[in-house]
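The structures come next, written out as structure tokens.
What follows is chain A paired twice: with chain B in the first complex and chain C in the second.
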Partner chain A sequence: MQVFIAQVINGLSTGSIYVLLVTGFNLLLLVAMIIHFSYPQVVVFSMYIAWLVMKYTGNSVVLGILAALGSSILLSLISAPLFQKVMKKRGEVDINTSMVLSMGIGMIITDVLSHAFNNGLPIAFPASLVGSAPVLRVGLISVTTGQVWSMGIGIVVVSLFFLLLYRTRAGRAFRAIAEDPSGARLVGIPLLRTGLYSYTLSGLLGGTIAVMFAMLLGYASPGLGEQVAHKVLAVSIIAGLGNLVGGLFVGLGLGILEALVQGYVSGSWSNAIAFVIMLIIILVKPKGLFGSKL
Partner chain B sequence: MFGLPNIAATPGAHRWTMLAILYGLVLVVGFLIYRFDNSRLGRAASAVFVDKELAASLGVDIKKLGMLLQTFSCTIAGGIGVLYGFIYKSLYLTFFDFSLVGIAMTVIFVGGYATQWGALVVAPILYGVPLLFPPAIQSWRIVIYGALLILVLVLKPEGFLTRRFVYTLGSFLSGHRKNNNRQEDI
Partner chain C sequence: MASSSTAAPFRGNRGVGGIPAPLLSITSLCVSYGHIRALKGVSLEVNRGEIVVLIGANGAGKTTLLESVLGINAQVTGSVVFDGKSIRGRAADRNVRAGLCLVPEGRGVFASMSVLDNLLLGAHNNMRNVTAHLNRVYEWFPILRKRRDQVARTLSGGERQMLAIGRALMSAPRLIMVDEPSIGLAPIVVNDIFAILKKLNAEGYTILLSEQNAYKALQCAHRGYVMETGLVTLAGSSERLLNDPGVKAAYLGA
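The block that comes next holds the complex of A and B.
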């Protein structure tokens, strides 16, 4: 029983990272109608920038966090005109070009990380940032500060974004622009300013996830973003594209499933089993478990 | 190691034979796609590509067609797997990773995703030209592919060899040929 509880706690903390990533992914889908497949790569890039800043500032946690947030926002704003240009032509192009564009961005980020940082080797974050200290320990069950932070922030962030998108004027403006830019302009929504806000917001979320990821894992590697990107896309589709609440449940569910497989079967089978189950779900419910919000 | 044998007596001969088989297969698959493009099935596939609902209302069985095309595509994938085994003689799972998908995407989008000619013309150029660069630049080729993919998507999302381009080129060449024939007749 202790193994089961310990694995569920581990699963919840990993799941909360999936939840945050899916929330960021869904946010871009809802406010800009783009499928940012490489969003996890942007997060991993921010982790590397945080690591770099901490390395040269004597492991300053505050500067590291600020660097993660700043780099993520900057990258988000740099990619914004590219996505907007591609989305302008969405009527003329048959294939979802935003997803392919995002893949191009991901290719560049992954290759730059494997060439320019730490000779392509994985990086380790200093103990001052990593939350590996146990808050609670009962037998095999151990809860670390990183797990508590990631779970807490995951739930708070999803709730805040849900409220922002569906209960505020700004949220309505974001969704209006994504659905019909001309219509939104007609009713007086400032396109450029609102667009910039939405990309800044997604960048801010990306930076937050980067810090949480660093706290929970304690390391990063150039291929980390790619490994997670497939799962984030899968979770988003299983939950229902654009469904924030669905993403919360499915993200946590995937984390628990993986942890249980790791605990009772084998770590190397966790991906295979998780993807087979998700494949079955998508065959039964093609619109996702909680329905698409697009 | 797979332990797959050489298909020719010497390693050199094996290499040349593999090259011949590779290009032979490219020609065969290219011919099949060309024939498919100009058949009833090909026209049905084009209709589905342009407008699914319209194609269905014209009597195209989208599900059946999709399964047929997926089976064809998987058959090609199987053939590529066998070729890979005979060329590399060992299996690196990391070879089939995200960067390979990225390279394939770059080839498809730069060439033009609506015709088979795009990939055929662009793949040797995109894969071959970086090999001429110094090793320091070659190691950054994924970044170059990524940048190229982004540039094409932003500036020319339909790629360079579009259906219209192929059609115009075809009609220009056939018109040119017709004119030549007419002049010979006169």
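The block that comes next holds the complex of A and C.
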């Protein structure tokens, strides 16, 4: 039982990260109309920037967090005109070109990280960010600072995101574009400008995830983004492409599933087993568990 | 009933000799989709306070014309002047802010969003006085107030059309373009919709309508233009068009 509880806590904290990553991915899919499966690489890049800034500021947590948020928003906004340029036809998701561009961005980031930072070796985040001792320990169950933050930030950010989506002018425009881009244009909603808001928001979200991820893992490596990107893509497809609520459940579900496999079978099998289960789900429900929004 | 605070009827911009300049004036408008030439030099005018109808069969170019005026289509030549200003090539959001709006063919309501959210989308580019506009729309369409928290997918065809018109009113428009409002509606409902358009017009709203249902549309409108494959082939008062032998044969089933 203790193992179970411990692993569920582990799973929920990793799951929070998956949830936010899928949310940012889906936001870009629904509003900017791109498939940005290298979104996690952007997040990992921001982790590196945060690490670098902390390294030269005596491990200042505040500056580290600002650096993560800033670099993620900046990277997102820099890539926006590129995406908007290669999309020949506005008004529908142009999967091919946006995917190629996203892939390129991901590969460049991975290469930059493995050459320009720390000789390509994994980086470790300072204790000022990660925390040193578990905040709670009962028998086999121990909860780290990073886990608490990850779950806490996850809940807060998801709530804020849905508030924005359902209670603000921009959120209304997001939902309109998500449902029917050409219809949205006919009522005078500017697709490109509203798209830019979604790039900004997914950038902000990405920076937040970078901080959470750094606190939870305590380290990062050049290959981390790619590894996570596969999972995020899988989660979004299993949930149903563009299905935000589905992403919440499947993201948390994957986190818990992986943790349970780690706890009861073996850590090295967690990816394979998780992917086999997801493969079965997608064979049974090709449009995802919660239905595709596209 | 409702005051005309959201409409701006018959205001400003006098032409030569005190004659009001048209609210909308289109000259030699050509629009292509790639190699397809959808409009081949259309000229028309809409004066303040008028209901003007575009009559034409499927593919005549009605939707293309309305969308080009709104600022949707890219390959456009000719001139479009709204309220004395050239607006050709200007983006739709700016045109909506300036007082143009479109009730799209097939209503274009957002089925997964609430009635209230759909209405608020109409005010996206004009968020001032939202509450006042909303109350005005609810006065026009009490059913929308009743259904405001329902998602639009649960509305009937007629209610959706009212929602689409209400959403247009939310932008405080000076010209309402309505693309084939009767399409897919039961005859009684069609009568309701045309009655609403006439009432809106009586309140001061200027309306540019497109229709295949020529008889009812011409009964509702002051003037009309007949369009065929991207050209205006006939223009005149509704009476004249209703009595024109060509129009009778082609559009009135006589």
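Heads up, the rule we're going with is that the second predicted complex is superposed on the first by the 264 of 294 C-alpha atoms of A that agree within 3 Å, B and C clash if a C-alpha of one lies under 4 Å from a C-alpha of the other, contacts with A are read in each partner's own complex, and residues count from 1 in each chain.
Please note the rule applied: contacts are C-beta pairs under 8 Å (C-beta built on N, C-alpha and C of every residue); 3 or more make two chains touch, one makes a residue touch a chain.
Fair warning: this is a prediction, and the values are worked out from it, not measured in the lab.
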I'd like to know which partner A:Asp111 touches here: chain B for first, chain C for second, both or neither.
first
Taking the superposition as given, does A:Arg167 touch the first partner, chain B, the second, chain C, both, or neither?
neither
When both partners are placed on the shared chain, which of chain B and chain C touches more of chain A:
B
Between chain B (first) and chain C (second), which, if any, makes contact with A:Leu82: first, second, both or neither?
first
Contacts for A:Met103 in the overlay, against chain B (first) and chain C (second): which applies, first, second, both or neither?
first
So, A:Ala176: does it touch chain B (first), chain C (second), both, or neither?
second
Touching A:Glu226 in the superposition: chain B (first), chain C (second), both, neither?
first
Common interface residues of chain A with chain B and chain C?
none
For chain A, which residues are in contact with chain B within the complex?
82, 85-86, 89, 92-95, 97, 100-101, 103-108, 110-112, 115, 223, 226, 229
For the complex, give me every residue of chain C touching chain A.
67, 70, 72, 91-93, 95-97, 101-102, 104, 108, 110-113, 117, 120-122, 124-125, 127, 167, 171
Which part of chain B faces chain A closely enough to touch in the complex?
49-50, 97-99, 101-102, 105-106, 109, 113, 139-140, 142-143, 145-147, 149-150, 153-154, 157-158
Which part of chain A faces chain C closely enough to touch in the complex?
169, 172-173, 175-176, 179-180, 183-190, 193
